[in-house]
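Mind looking over this structure? Questions follow.
Letters A, B, C, D, E and F mark the chains in the order given here, with residues in each chain numbered from 1 onward.
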Amino acid sequence: MFRHQKELQFEVKVERPDALLARQIQELLGGQFGEMSVMMQYLFQGFNCRGEEKYKDMLMDIGTEEIGHVEMLCNLISQLLDGVSPAEQIEAAKDPMTAAILGGTNPQHLIVSGLGATPKDSNGVPWNAGYIASSGNLLADFRANLNAESQGRLQVSRVYEMTTDEGVRDVLRNMIARDRYHQYQWMAAIAELEEKNGVAVPGSFPPEAEMDAQVHAYEFWDLSEGSQSAEGLWAKGSAPDGTGDFMYLKDPKPLGQVPNPKPPHFSTHNDINI
Amino acid sequence: MFRHQKELQFEVKVERPDALLARQIQELLGGQFGEMSVMMQYLFQGFNCRGEEKYKDMLMDIGTEEIGHVEMLCNLISQLLDGVSPAEQIEAAKDPMTAAILGGTNPQHLIVSGLGATPKDSNGVPWNAGYIASSGNLLADFRANLNAESQGRLQVSRVYEMTTDEGVRDVLRNMIARDRYHQYQWMAAIAELEEKNGVAVPGSFPPEAEMDAQVHAYEFWDLSEGSQSAEGLWAKGSAPDGTGDFMYLKDPKPLGQVPNPKPPHFSTHNDINI
Amino acid sequence: MFRHQKELQFEVKVERPDALLARQIQELLGGQFGEMSVMMQYLFQGFNCRGEEKYKDMLMDIGTEEIGHVEMLCNLISQLLDGVSPAEQIEAAKDPMTAAILGGTNPQHLIVSGLGATPKDSNGVPWNAGYIASSGNLLADFRANLNAESQGRLQVSRVYEMTTDEGVRDVLRNMIARDRYHQYQWMAAIAELEEKNGVAVPGSFPPEAEMDAQVHAYEFWDLSEGSQSAEGLWAKGSAPDGTGDFMYLKDPKPLGQVPNPKPPHFSTHNDINI
Amino acid sequence: MFRHQKELQFEVKVERPDALLARQIQELLGGQFGEMSVMMQYLFQGFNCRGEEKYKDMLMDIGTEEIGHVEMLCNLISQLLDGVSPAEQIEAAKDPMTAAILGGTNPQHLIVSGLGATPKDSNGVPWNAGYIASSGNLLADFRANLNAESQGRLQVSRVYEMTTDEGVRDVLRNMIARDRYHQYQWMAAIAELEEKNGVAVPGSFPPEAEMDAQVHAYEFWDLSEGSQSAEGLWAKGSAPDGTGDFMYLKDPKPLGQVPNPKPPHFSTHNDINI
Amino acid sequence: MFRHQKELQFEVKVERPDALLARQIQELLGGQFGEMSVMMQYLFQGFNCRGEEKYKDMLMDIGTEEIGHVEMLCNLISQLLDGVSPAEQIEAAKDPMTAAILGGTNPQHLIVSGLGATPKDSNGVPWNAGYIASSGNLLADFRANLNAESQGRLQVSRVYEMTTDEGVRDVLRNMIARDRYHQYQWMAAIAELEEKNGVAVPGSFPPEAEMDAQVHAYEFWDLSEGSQSAEGLWAKGSAPDGTGDFMYLKDPKPLGQVPNPKPPHFSTHNDINI
Amino acid sequence: MFRHQKELQFEVKVERPDALLARQIQELLGGQFGEMSVMMQYLFQGFNCRGEEKYKDMLMDIGTEEIGHVEMLCNLISQLLDGVSPAEQIEAAKDPMTAAILGGTNPQHLIVSGLGATPKDSNGVPWNAGYIASSGNLLADFRANLNAESQGRLQVSRVYEMTTDEGVRDVLRNMIARDRYHQYQWMAAIAELEEKNGVAVPGSFPPEAEMDAQVHAYEFWDLSEGSQSAEGLWAKGSAPDGTGDFMYLKDPKPLGQVPNPKPPHFSTHNDINI
């Protein structure tokens, strides 16, 4: 069960309204790697966690924090939209410059949400649950989380560079700092689990079942012309768990057959050979 | 520019048709972490890569390989659907058992694709580009790739456990082996980049800009009752780059204000105070 | 079966083309609460209606009217796009001001639809059937309809405030007037059904089945700090059907257990306790 | 800011696992009118609320409660999936009956989420933010909420009739009872606002602006053959605010013109008159 | 403006309910090439038609007919769901066979729509406007229409083969017969327009503008190993408008450069060369 | 299996960066009829092709070429975005004109993809597999392909008219020329198949099964007022295969019944007659 406190986790005070920036910040709220995504990703991972109390508690701690981040960003967007009004559009119609600027804002902030944040990205595409991962395997999911915090911090940093509003920058600074810590957090959790389960997900798939396939397991197939890729650690290094050495396969040949699927039954009406 | 060879990368020969398994394998083809996702993710990262020849070449190598994996899975599904026909549904109508089994298959394999694979997941949801990441920051993206290969190998392993068809298992074994290597590959590439850029993405955000926020940067906020989460390395360890120590914040207090957004202009018709 | 008359239900004559307004009006056509939604919602409710002739006929009357509203809005958008052309973009490239204004329009009006309306919202997101409701329970659905007309009239009113084009305003005035009546219409129908079925949907769920749960049924759980919410009729009033009094639960305690789901079978590869 | 308590709001204990029921209950979690929808709808309405403290507090109370309902349903689904495993599919392959039953379950519960709930509906369609409404106008939004609770309680009642598992029924009974109260709650709030703002949303649109259109405002257009619809209160009653009487328009004539849009500029390549 | 007649265009009487078939027929209603698609496609093409009265009238005729086809299919599905009830699920729970059969049906037919048709495909994916085309160029759009009727008739034919219910087959027979005529209809309209505008869409793009590119315009690039493709008319024939002969390019070489995009400005935080 | 060559198929060199044009060109890449669609459509048709070697090889040739077109467009977009940076937004904030122009660009090009192309359309809607067709019936699918190339060439022609950048125009010229050839190619392949299978898809549906329905098969139903549509070849011509003459049905009467579906079982809680 959850409870709500009225104060925001961090202070949100913008210097001046800016409807264009409000649109851009929607990406950080309802985009693929926005706060709605990490909130739902951590909560579902926590709700679904089976038998790992320490991780479950941690997921619930941070998932709960992220609900508050969604709250903060909604407030940020509300403040950036302060004072906007449909009536401005009429003014805008008179002055081409103003019209042009308003043309770049999100029409739904006026028409649909009445100056509120929307659960959508910076182009107005609704958030959907196809963005998040909750697999039941914690190592897999913590890698999803590390990715989400990396993409997320990158996006916040870019928006930071796009404004000089110090109020907005303060909020973003806090998010950038938290996202750095959250990257560290998932790295630490990943290190713990790799220690226990091995570095390849899932750790429990029996190596002997891969046996026949292992002949080709460590080959890097050079399928794009040029061999600059031979210079990387993936091409000349060893598996991090010491199970083998990588091999650069120059000019690889296919190992399979030419496929030759059967014509289907007449009643599919594929009209083959009629 | 691309070229196609007629042979599949690995052999695909099923022992017997199985329309239910065909539906399940759609997840590995057109699901969130299926082969369409890694194919498009690596190709877009490769196409968009700016100024890092070694990585670009590597992305093109593996992206090109993945197009061939989509090809292999389409063949696998075709073979599993061999011999299915609408006429069977009429037989099924007579025998409740057969009806029941056919009821679990994907109706679109018969009605829409004429026994072909579809670019959709195991529940028939079309693949969409909201699944993939290509940010321009290679470290962020390689973490996305490591995640994709981890989730992907996990899903293939689960399907492996769901069938005894040794032909199908051979294909899956190859995928499981390749996905292990691909996890190693991204780990190696990540290690190289972390060495160069630092472990927090983006490495180039100036630490001094985070200054004020840093006071709270390393705090773990215990927002879910219980303190099992205090036992993890994220709560008592140090930043991997030695920039500070983590701190477990028991019973944290909000630092922000109670938000108080302004009522909007009359012309929004929010009907406040009328 | 349906028939079409060439005349529009109401006159549509704009004063001057305005490609920016054309984009905004897409929201009223293909947005979540646009005319496509009410058209499809009423038609599906009507088509699916079982055994209530009066309501079915009424749904078909209004659903059929709404097809004509989609037609009107397509015409409105066409007129607002009159005279736009790709060639203008070339002019625009020369004049930054014009470029800026064209930048705010919907590129698909030029590239995709050739100056026609699109079945999408003001941000270009395609209409989808996840917007509409048709449950088979008329009271539930009429509440969906009242909501749709309320949100819809609100959006039309806001667009009305965004333009001074008296031709456009005339069309919107008609829509605003019709949507007021449609709100009244659903209120009247709701009143009839509440009289027959009771005010809680579904009316047919047996009260005795809720018995044990009823102890907590009328409690308002104060889960957000502050008790301003205690001042509403939901906190101190009575059920509209006189079945009980509401109770404000200050500082409520959870009634359930701490969940403790079982670790899954090894073959899920969740990697727990390995 | 939010906090989490470990106990569930209400107890969740199923009598026996049932993977088919788990799939069905996904509708109540991630469907159009499932708990994810009301949770996000109330939270966004609360976050975006401008200047109406009593309503904002109330929205935060109930939005916060709904996060806990998502948690409860995830637990319910986890318990219903207890003991399911990929290995069962192999058993199933041997016994057509078992195969058939497993064929009706959601393959993603095994392949994707590792026996966890997914943020999707009963057919595996991901939840998306196009389901929710937050318009800034409280009366409009409370009607959306009344609709959501009506549709939601209807769906829970139907699932209740689909199982004899008394543990599951207890959970559903609680939801049915709460959803009844929540319907009353929104009715009470609606009554308050209708009192203040008038019954037509938005109340602030100036009646005189509708003037010309009002001639036709109260007409019911009989556009579907048959006149059973003349028997409803919408056809012979009066506006609830006494502003006029409804009129049944038998065989209505269109009032608009035959549209005649202009052929576009050559550079659109519409190929008209070439 | 539209009007509705109570009778269906063609008779719809099923022999016996069949919830599995109801699910399958959803594909013909709400799938990519179902009746909702042709209805919306023709209506939007008609509404958006500029200056070609004959075609516009024809589009409105057939678009209006298709609304009636959606109506017919909703009725068909309703009849196939007759007598289904949640209570059956309880019976099903006792008998594994019945459970298995019900497991293959669409849970939303019971839980969401109360035995009504849904605006979704056979896997429950909501219809969306990304399925339809309305470009403003009639020749392009009539090709879209010919495709839609071809895919549609194919799907109906397949479902026809899946049932022995003569009532259902009668409805499908009518659809199959109409879809044959509709294919002829679009062929006839296409022939008229190709005569006027030339066979390549758009006809108005000036040939001289293509000049430089024309050197390579008629080459078939053999990019997949094997040269069976050399045997088609596309490889050795001539342009249908006699503007040139096709040429089979064996082992084609790329004509472009190796791309070498510039590293971006520091403030994108792509972290290149730091 | 596939291979990649580093050179692009055709040269891509823009004269000057243009972030607005970059957004518009996204339509040609990730829109409904963009290069991602034809690439995936041809590849899936090729992968799924059963027993028609000549067509399969041809599909693989052209599908493989289209992967290279996606590559070319990604490069084109990258070049158009060269030199854009978040820092410009700060400059923009100072100069309303610049702000206005940047307001029309796609915010995700800066925030999400770091100056890379995105797999989305010009409004930022992600590409999805609901755009493509692969039915197993080659004639049906080649009509889908002819449509795709027609819509595609139309869109490219329109964008061509929107810019004077001769570098961009050269790329578009090549696409326009190739798309003309591709239209010819599908026409040639269609002609071959119509010769073999008949012109109505599917050719294999037995005419005698349509028998009863054939009475009405060739009727054009005049359901939209006005009879301009009587002037087309669809109204007075003959079936292209000489199987009958078309008939214009003025004022057609419905042939079906007034539907009267049964009230459902109590346990659906539709609340009828309670």
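Convention: contacts are C-beta pairs under 8 Å (C-beta built on N, C-alpha and C of every residue); 3 or more make two chains touch, one makes a residue touch a chain.
Just so we're clear, the structure is a prediction, and the values are computed from it rather than from any experiment.
More than half of the residue-numbered contact pairs at A-C reappear in one of the options B-F, B-D or A-B, namely B-D. Rounded to a multiple of 5, the Cα-based rotation taking chain B onto chain D is 120 degrees.
Between chain A and chain F the centroid-to-centroid distance comes to 29 Å (mean Cα coordinates, whole Å). One finds 33 Å separating the Cα centroids of chain B and chain C. Multi-chain contact residues of chain B (touching two or more other chains): 1-9, 32, 48, 50, 60-61, 63-65, 68, 75, 78, 85-87, 97, 100-101, 103-104, 110, 112, 114-115, 120, 123-126, 128, 130, 135-137, 139, 154-155, 157-158, 160-161, 201-202, 205, 223-224, 226, 254, 256, 261-262, 264, 266-270. Per the touch definition, chain F reaches chain E in the complex via residues 5-13, 32-33, 46, 53-58, 60-65, 68, 72, 75, 78-79, 82-87, 110, 114-115, 125, 128, 130-131, 133, 135, 137, 139-140, 143-144, 146-147, 150-151, 153-155, 157, 160, 170, 173-174, 176-178, 180-181, 183-189, 191-192, 199-202, 205, 209-210, 212-214, 216-224, 226-229, 231-235, 237, 239-240, 246, 254-259, 261-262, 264-270. Against chain D, the residues of chain B that register as touching in their complex are 18, 20, 23-24, 27, 31-32, 97, 100-101, 103-105, 121-125, 154-155, 158-164, 223-226, 254, 256, 261-264, 266, 268-274.
By the touch criterion given at the top, residues 1-6, 48-52, 85-87, 89-90, 93, 96-97, 99-104, 106-108, 110-112, 114, 120, 123-126, 136-139, 193, 196-197, 201-205 of chain C touch chain F in their complex. On the side of chain D, the complex with chain A involves touching residues 1-9, 30, 36, 40, 43-44, 47-48, 50, 60-61, 63-65, 67-68, 70-71, 74-75, 78, 112-120, 126-130, 132, 134-137.
Residue ranges on chain A touching chain E, taken from their complex, read 154, 157-158, 161, 267-269.
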